[in-house]
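Look for subunit A in each of the two complexes below; its partner is subunit B in the first and subunit C in the second.
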Partner chain A sequence: MANGMLLAGQTLITESGDRVTVAELFGSGGQGEVYRVRTPYGDRAVKWYYPQLADARQRQILEGLIHHNWNDDRFLWPQTVVMDPDATYPGFGYLMDVRPQRYHDLPALFRRDASVAATTLRTLVAAALHTVEAYFTLHSKGIAYRDINWGNIFFDPATGDVLVCDNDNAVVEGEAAAVAGTMDFMAPELVRGDKGARPGIQTDLHSLAVLLFLLLMNHHPLDGAQALQIRCMDEAAKRRMYGTHPLFIYDPADPANRPVPGEHPTVIATWGALPKILRDLFVKTFTQGLGTPSARVRESQWRDALSRVLDAITVCVSCGRQNMTQPEGPAPDCWKCGTTVQLPPKLEVVTGRGALRTRRGIRLDPKARVYAHHLVDDPERHDFTAVVGEMTEHPQQRGRFGLTNRTTRDWTVRRDDGTVQEVGPGRTVALRPGLLLEFGGGTEAEVHA
Partner chain B sequence: MTIILDVPGGSMASRPAHFIWMLDCSGSMGVNGKIGELNFAIREAIPEMQQAAQSNPAASLLVRAISFASGASWHIQEPTPVDRFTWDDVHTYGATDMGAAFRMAAAALQTPPMPQRALPPVLALVSDGQPTDDWRSGLRAIDDTPWGKRAVRVAVAIGDDADKSMLKEFLGNPELEPLLAKNPRQLAAAIRWMSTAVVKEASAPKIEDATPANVSPVVPLTKDETDIW
Partner chain C sequence: MNATGTPTVAWELLDGGVKGVAKKYSQDRGTALTTADGRAAVLTVADGHGSRAHFRSDLGARWAVEAFTSCARVYAREVVRRGDDAANWPRLLAEARTLPQQVVHAWRRRVLTQEANSPAHGGHGTPHSGTPEADLAVYGSTLVGAVLTERLLICWQLGDGDIVLVDEDGTTHMPFYTGPDMGDETESLCEPEAWRKARLHWQPLTGGPPPGVLLSTDGLSKSFADHEGFLAFATGVRAGAASHGVAAVQAQLPDWLGHAAKYSGDDATLAGAFPVPGPGAARPQPHPHIDTH
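Right after this comes the complex of A and B.
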């Protein structure tokens, strides 16, 4: 039973003339309802707008998005407009793929729900990185998302893969759309309704930073001691907190909105475990960036920092928990057991042929991997299925680790005594400090203690 | 179910969001099975209400219900976490003492029993007739409480006999209208909207582009609704 605006069994028609049959209601949101539908090419989803919102402007936005014909597996992109062939149901909707079950909503993560128990720090940071890259791709095409919030990104707790949904508010920068955003995520100038302030890529960057803070800190970046003074968190209070008087809870110059021990234990714990490289970006975007949109941290900055933090995640030998560590920085105390984390040797990978070379440091803990994106200068995206090498234990000698070649090409190893050896596909090289590895194409790596 | 993940920090800090049903159980609600339709609609909406509540981890939705007829009484007195919320049928028992229900809600909206900090409460009123007691003083009692004053209010008028101007006064915002439910399908849609969209709007307001402030929520039309009535 559909139990919404559309009835189960009802037929809709796509622009290309395909007939689709309504099966069941998935859920309802602010703009419409989402149904599972049967199509000649398998099950799909239809978002059907509430009649009041199914207007010419929304139709135009939708046509524009469909025209982009975007085939990117990180987005549930509108594929075609659907209508009721008999016109007894006014309005329209659009067809998209069904969200695969491995993707979970972020609120489940924020509630620490059992359904996302597979989440680790590695997959959490990977999810943040994928989120950044997804919006980077969208923005680089000149498209603003305009309603980035915790309801339209889904993630796979086991891998950190993300899926961006509800793309029907995305518009080419400068065009109008129905929604200005969800208050908690909106840039202050939009919350205040400043003259000339328009939702766009620059305001998306604020929403993205809020989302990243929620992901990594499990707390809102502006919700500190001052919010505790507010009894009723109504729209007027939120307008003040997010619009007229926003103050970052860790603003180094103004401690008035610091988290309060006993009231905000989660963010005190998560901020304590966050490496400086990410703290600095949050501080920049939530201090300077609050009032100056052009000072907001850009996706490429988030991407580089998150990627480096991901490479520097280290398992605590005493309790087995993953810890974020500051790349090039000192060993932190484990967030779980308090023991100082023992930093394993680091593989420093250098890419690029010209004078400007990119350096990346990968901590060689027993589960470390080298990925294809490590071997290129400016990777388009991080694909964690493209494994180039991985740490493995010697089959006979326990505790002895080396890097196994998972490519189809030979690597070249140079020792500091001058000897040179080839490491063929499937072979493993023990990693001694000072060892130099040539991956080919100008990419090389050195092991540092 | 909340668990310990292998990442730093516990679950997100949240504020309570109180939701109070105020339901007309006057004799006329027994005519043509309206009370049955209402019980059915509320029960049907519970899973979606739970889903809506889950979509905002910064809010903890607590639900209770007042019935009014000859006098008013707590049908569900304990503010119940929505994931444990179940519905026992309400039954008709006389007149339409809405003022008594308002006074009961007003008492619940004092601090205490309300906590020091919360999200705006939601007051959801359903009625099919004219109040039979002094509802105005009851409404003033709600308005006199700090939480009542800030409450998000929604109302459904069942059928043509409901006092729509009175319901409009309850809403306290000239831009808002009570929802009209003339058949079971419309009632179900209205109850579902109150249980979902209103809950979301109260805890995480969305803003439309053209109107930066005071967005009135969107009411879904049902398919058999015509423009003429």
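Right after this comes the complex of A and C.
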């Protein structure tokens, strides 16, 4: 009956002739069903398209993606087309890796599921940053995803790592492609069906911003008071809400679509706790960017802002909760207990040369770390396993912290009294305002109160 | 649907409920109906929490069912209108994800209207908060619902309750079942932004509709000594519908539920749908032998 198009035990064949055996149905989506399959190389997953969607165009897109042969651990990329050798089951599917169990979907986050209880503000911002970088990488290869939405991004609540799934709608930018995706994530010009509007990297930027807003604010950016006035949320209503009359819930010039207390308490609270640097980007992309695609916030802008916010996350000493703080800004009140957050000293890291010097501020709270990406001016990727320095507590004096060298090279420390000291691998330097640290390669840092 | 656009599947419906033993009145509600010219079935059951803190939860359950059926009818018509073309499924899935928010909003609006006219705490706010905010907990209820067409089955669940899909051979499948309940705590419509807690099951019926879809409040499943007993009951309901007709099962349902409710002590409510050949279905070839008994 209802349990899938393929039967357990059924054999499928890949383009290279390998036989794979269907094991179990993982789940059903909008375009097809996903099964666990046994292969000569271990378990994999197969997405099998609904027959009506297994057409020549989808096959062409799929083969183009497989041809890219992309081996990036942030994407479950199609590996090979699979078919039924007996042609009993019409259509085709594709083989991919199985999604590791540590990754969870966003609906689990939205319903505060126990499986994502390890999520912290730090891992949430890291997930947003990784999401931006993943799509940045895709876009920099000239590929538009076309269907960015909350159903195809998965995250690890403990680390913020992300995994992008359902990549089978991605196409090379400029290639003719039908409109894909769902209205709530779609750029307004696509929802309206404007003449000449085509899904591509520019429309992806709108979808990405919606996804980031959902991830950080747990709410849709256009879903405010006006949606509550709609009696029947049918296609026409959605077309108006997302296409012809989109209005950002925090549009500074038009309060008509503000969140409603009692109905939308989460976004009211999360927006209140969001640093200005991110608020400004959301306002820009959901006001100017709604009508002018070229005004949409780009991935590099999101990346830089999210990275700075991540470095400025501070734990409230009163209640122990993490708080996002405005880089270079005043101390906010804790979102949880309301106490003014005590900002710890900051390590200002300077990279690059001449006029192109990049400055980053890392709040030195007891769990702060300096990563390899802090030491380059334009990091390709934020890797939170590449630890360069780590805050550690003095073994005899509790509450006294220093920065421990986790590299294999010496650091040089210059104190404001003119003394110079080498800090070897595994050694710790006590941090005081005015201390100057040289990490090597032209990167230096100073401690500010 | 066949080539002429006539539905090949129609739905026969079942619904009923009994109040728990020693209870003054039931805090459950449920309904089963068809829409879109009989091409879609909408099923829902709601279980008001019932304890002293939720003394208007019978109203909460009633409004939960009303809110769900109102929103689900619109959605079901969209599913019928666009669901034959699988290219529309991603959008229908996205719309299914937003339905709980509409339902919760409609429910809240109904509760707040009631509170404006007849405050549960006599117009003095909640007894504990001291604020004029309405005490939605008084109306707390769970909600389980489903929309069923020839091509798609979409289910939602907020809080306790059960959905059982019964296969032709009696095999059962419970889309939301995660194991035995470990307590009486349940998610509820009365929580802030309750729609966030709603779970969704989306199932294109590529192998045809399930022969039986049954929704029930937890008063029914808790009346059985074990989970297998409950599943056997569901299988029996579907088998009875297949062999004796849905009308015969409907006639017996109050007795069956009443028998079950004796054990749980709780209200028990059930709504179900069974596919039957629609007007566009191919006429079956006559059987050489018809067993009538």
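Simple rule for what comes next: the second predicted complex is superposed on the first by the 442 of 449 C-alpha atoms of A that agree within 3 Å, B and C clash if a C-alpha of one lies under 4 Å from a C-alpha of the other, contacts with A are read in each partner's own complex, and residues count from 1 in each chain.
We take it that a contact is a pair of C-beta atoms (placed from the backbone, for glycine too) under 8 Å apart; a residue touches a chain by one contact, two chains touch by 3 or more.
For clarity, every value in this text was computed on a predicted model and none was experimentally measured.
Overlay on subunit A: subunit B and subunit C clash in the combined arrangement.
After superposition on the shared chain, subunit A has more residues touched by B, the comparison being subunit B against subunit C.
In the superposition on chain A, A:Gln52 makes contact with both subunit B and subunit C.
In the superposition on chain A, A:Thr270 contacts subunit B only, with no contact to subunit C.
Once chain A of one complex is fitted onto chain A of the other, the partner contacts of A:Gly262 are limited to subunit C, with no touch recorded for subunit B. In the superposition on chain A, A:Arg321 contacts subunit B only, with no contact to subunit C. When the two complexes are overlaid on their common chain A, residue A:Leu121 makes contact with subunit B while staying clear of subunit C.
Of the two partner chains, subunit B and subunit C are each touched by A:Glu235.
When both complexes are overlaid on chain A, the residue A:Gly426 reaches neither subunit B nor subunit C.
Once the two complexes are laid over each other on the shared chain, residue contacts for A:Asp105 go to subunit B alone; subunit C is not touched. Residues 3, 5, 28, 30-31, 33, 50-53, 107, 110-112, 147, 149, 151, 180-184, 218, 223, 228, 232-235, 238, 263-266 of subunit A contact both subunit B in one complex and subunit C in the other.
By the touch criterion given at the top, residues 1-13, 15, 44, 48, 51, 54-58, 111, 116-120, 146-147, 150, 188, 192, 196-197, 200, 204-209, 212-214, 218-223 of subunit B touch subunit A in their complex. Every residue of subunit A that touches subunit C in the complex is listed here, in rising order: 1-5, 28-31, 33, 50-53, 107, 110-112, 147, 149, 151, 180-184, 218, 223, 228, 232-235, 238, 262-266. Across the complex, subunit A is touched by residues 71, 74, 78, 85-87, 89-95, 97-98, 101-102, 105, 108, 133, 153, 165, 167-168, 173, 192-193, 196-200, 202-211 of subunit C.
Chain contact summary for the complex, subunit A toward subunit B: residues 3, 5-7, 27-28, 30-31, 33, 50-53, 88-89, 105, 107-108, 110-114, 116-117, 119-121, 124, 147, 149-151, 176-184, 186, 190-191, 193, 199, 214, 217-220, 223, 228, 230-235, 238-239, 263-267, 269-270, 272-273, 321-322, 335-336.
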